[in-house]
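Below is one structure; the comments refer to it alone.
Labels A, B and C are assigned to the chains in the order they are written; within every chain, residues are numbered from 1.
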Amino acid sequence: MTSLAEKKLPRVSARSGRPAPELIFGDLWEFDPSPETADPKLKTRYDLFIDGQFVAPKLGKYFDSINPASEQKLAEIAQASAADVDAAYQAAKAAYDNVWGKLPGRERAKYLFRIARLLQDRAREFAVAETLDGGKPIKESRDFDVPMAAAHFFYHAGWADKLDYVAPGRKVAPLGVVGQVIPWNFPLLMLAWKLAPALAMGNTVVLKPAETTSITCLKLAEILQDAGLPPGVVNFVTGAGDVGAAVLNHPIPAKIAFTGSTEVGKIIMRSLAGTEKKMTLELGGKAANIVFDDAPLNQAVEGIVNGIFFNQGHVCCAGSRLLVHEPVAEQVLTKLKNRIKVLRVGDPIDKNTDIGAINSKEQLQKITAMVASGVKEGAEMFQPACRLPAKGFYFRPTLFSGVSMSHRIAREEIFGPVLSILTFRTVDEAIERANNTAYGLSAGVWTDKGSRILKMSTELKAGVVWANTYNKFDPASPFGGYKESGFGREGGRQGLLDYCKLS
Amino acid sequence: MDAIGIEERVAKYGTRSIKKAAKLRGLKLAASMVDLTTLEGKDTPGKVASLCQKALCPHDPELGVPQVAAVCVYPAMVKHARKALGSDTVVRVASVATAFPSGQAPLKTRLAEVKAAVADGADEIDMVINRGAFLSGEFGVMQDEIRAVVEACGQATLKVILEVSELETYDNIRAASFLAMRVIREGDFIKTSTGKTSLNATLGNNQVMIEAIRDYYLDTGISIAMKPAGGIRTAKQALTFLIAIKETLGDAWLNHSRYRFGASALLNDLIRQIEKEKTGAYQAPYYFSEATESY
Amino acid sequence: MSRLPITKTPKVYVGGAFIRSESARVFPLKDAAGDFFANIPQCTRKDLRNAVEAAAKAGFGWAKRTAYNRGQIIYRLGEMIEARAGEMAAALVLGGASKVAAAREVSVTVDRLIYYAGWTDKYEQVLGNVNPVAAPYFNFTVTEPMGIVGVLAPEQSPLLALVSLFAPAITSGNAVVALASTSQPYPAILLGEMLATSDLPGGVVNVLTGFRKEMVPTFAAHRHLRALVGVANADERKALALGAADSMKRLHLLKAEEPIDWLADSVQSLYAVRDTLEFKTTWHPIGA
């Protein structure tokens, strides 16, 4: 009925001779700053967390963790060495052999429930710490990252004593010690969704957070202590890529779980070739978000915005390639422009900030270079005229229209708030364009037609398909990619299977 | 329309944090947009006169609460309202005509009611659409009736009440918005509700309607105004609705010619919050006139 | 005077056709007694490339078949082998198996196909599920075949191991390019003839013969192969893993160093089907 009513609309002729109407998004009613004031309770120095204790790194070295929004130092983080990583693994192995591996699932569950509860108790404090350390808007760390992290512990806790139902017909057993390396885009959440299933299954863990975002990981160590988790079950080692390599290449772990770029994923796979280690790799993406002409366009625009500007676009499953049906391409572009004009870019700790700081100077440089290539290759760029803070790493939400499949911005992961807009004419063309990538993590489709949703969802080669929505996550919902977006799943029953052996 | 998508969009307005000067500006802006309403069977000329006094002078003038946009009354009360407000005022007299709230009277009767209210001095007419015609797919009937009311209004501004709770779905609300917009004039309103059903203005149906207004404007250049009514009782709610306007329609709709609140209890809460911003102390309801809660 | 028999020229089954190696190379196969039996195609990297292309063409349609239809066709393959069980057993005897062992290998092979034929329309019900997410969304996880799967058959059990490895892959709709036992290739050649008469669309299963050493690097490096299953020794496993890293191929390799009892029921499994599946999770709002 809606489309019928709207199609009768007088089109351009109704305003012939008059200038195209424009909306004014000015400062008639400008908001005052509204910083979140909860105390993040940061320490000035964070040590390694090994065998249930905070321990100084053996070489005594520390590095600075800065706030990307202000470039100010937040804390000193221990620089682990290979010897520290070894100590962590020895602790994890001892904990597996002597305690955790023998504990009934029922008891493991209780620890995980406790962790979930303690994290909920301190949710606001963690949200502020996450925002200060990583640059994401407080709105997101408060409403998404932290509650979702707690939800992952809560969900997996319940599995710990129900593992007989994970793999029908088979018995499952833990793998032993697991090594995990996580990225900087969702520091606490990635940690939760790696730790929780591993622990529920009865494994012990050595985990390395990203060097720019170690703080919430080490704060969680405090919670693990408060929860009374047996020493050595979880160990955190901090540092840069060399520490990551030491975690991945150590002989003890039976399994490696990594989230990060496809480039590094391939290096890891090569370095583990010839070993018996199992792997879960959750890597990059270049997701297509496909909008058909019968889609609920206003909600689609909202989904497109959420798909690419959530977390500054630092999301492996970001909907970075918008494929729009030609009949509505112009309309969608206009709506998108009007929508991003009201996105608030700025201090992440401000409760009204929609787009926070880019996580690091290096990442900002990468994004800037990719955007320059888009301009150079002839795509048309649009950025709203928002003011950016003078200090810190910021990038305006950016739209590129007139993008073709061969452009770099249509093929390579940018990992920033940059959307490439392409068009298509038919269903088959949309599918072909969407799948024309080595990645296969996620995809979006917007249409009012039920049968078409199921057709698209069947044809799109991606591990997650969001239909008439985008960037939704849940601990019960498996997440992971096809093709070069990695393998293994995280979350749900399928995710647990990657942390066990079958007999 | 996707219902979940709409609800997720409007939930984001609720996370906006409005503090200090921005809050004060928002509260005053909202007060200036109120259609101060009494629509009860027991309304009397005295009650209406008292409401008009409140409209003209909402509170201690030192607080700087602006006058409301209009008082909204039944047609029988129009002449009393007109008298109480006088002719030398920016506060307008609005009246719900067309067999409000059901609209279930012959068209001739409804048009006569509109003409009478205008003749008595109403500046604005709030009509109800023929929901029966809409729901049975007789869009032409619905539009023809609106056209007839537009004509009966003459110079008076028209507000077309969709009665969204009876339309049920967001798809219907959007479709009805477009059908109405196409036959009313620039500056006329579309309005959510009569306030007489179980579900009135929500952020969700407000969003659907202001998106319809935006899309219609971008397509035709014709600006239609918006009035959510019923259920908006608190200052915090009103600010959230204003944020929706700011982020959907932009600055040009942030004034009482383009946006109104149909409400009775809202004004007092706005004043109360303005007082709180000024003094820093939380206020009891009985400091404010015409309060419905005096406990 | 006895009649000189007509011998069959062994050809490999690729893309639904019986072909020689594009290289025109062959290697001699001797029977258990050490006498010349036939010349076997010595397939090359280009033959693998062609087989992958054939698999790519056929796989799409195969995956689109109904699960019921795939089940019937895999069952039909079992019928074809059963019907020519004697001939197949003889092929196994040629490689050194006793008559009893050969007959047993053939019958277990048929039973294995029947096992997987029954799984086609059930594995999804066991492996997929609806996920109760904490928001108004319908969320479900289904499986999909990965695409083109490379199969590396071991030297022993040249029929049964090969079938045990590719059957779970085609159960879900994958297409297969398999390398047969180097030392005992003939049963795989004969299997090609049975595949050809089984209603299985040409190109869904492609069986190459040749030298493992020559072929393994191409299996490792071919980027269109989405997964590799089979049996490999330590050096091969490392080489395959290194190659797989370039395109994130999924590897499910059994160790050649450890004995595998292909006759055992424990070899067949739902989880072998799972090894060549991807999981896809779809979200949709529940609203009006």
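The rule we apply is simple: a contact is a pair of C-beta atoms (placed from the backbone, for glycine too) under 8 Å apart; a residue touches a chain by one contact, two chains touch by 3 or more.
The structure displayed is predicted, hence computed values, not measured ones.
Remark: among chain pairs B-C and A-B, A-B carries the greater number of C-beta contacts.
Seen from the Cα centre of chain B, the chain whose own Cα centre is farthest off is C. With centres set at the average Cα position, the gap from chain A to chain C is 37 Å.
Taking the mean of the C-alpha atoms as each chain's centre, chain B and chain C sit 71 Å apart. Distance from the chain A centre to the chain B centre is 43 Å, each centre being the mean of its Cα atoms. Contact with two or more other chains is made by residues 137, 285 of chain C. Multi-chain contact residues of chain B, defined as those touching 2 or more other chains: 2, 4-5.
Those residues of chain A in touch with two or more other chains are numbered 468-469. Put simply, chain B touches chain A in their complex at residues 1-2, 4-6, 8-9, 15-23, 25-26, 29, 137, 139, 171-172, 174-175, 178-179, 182, 211, 214-222, 242, 246-247, 249-252, 254. Those residues of chain C whose C-beta lies close enough to touch chain A in the complex are 126, 129, 131-135, 137, 139, 141, 144, 146, 226, 234, 237-239, 241-242, 244-248, 250, 269-271, 278-285. The touching residues of chain A, when paired with chain B in their complex, are 1-2, 4-6, 8-11, 14-15, 18, 21, 23-26, 28-34, 139, 143, 296, 298-300, 302-303, 334, 338, 342, 351-352, 468-469. Across the complex, chain C is touched by residues 2-5, 7, 168-170 of chain B. For chain C in complex with chain B, the residues that touch the partner chain are 136-137, 285-288.
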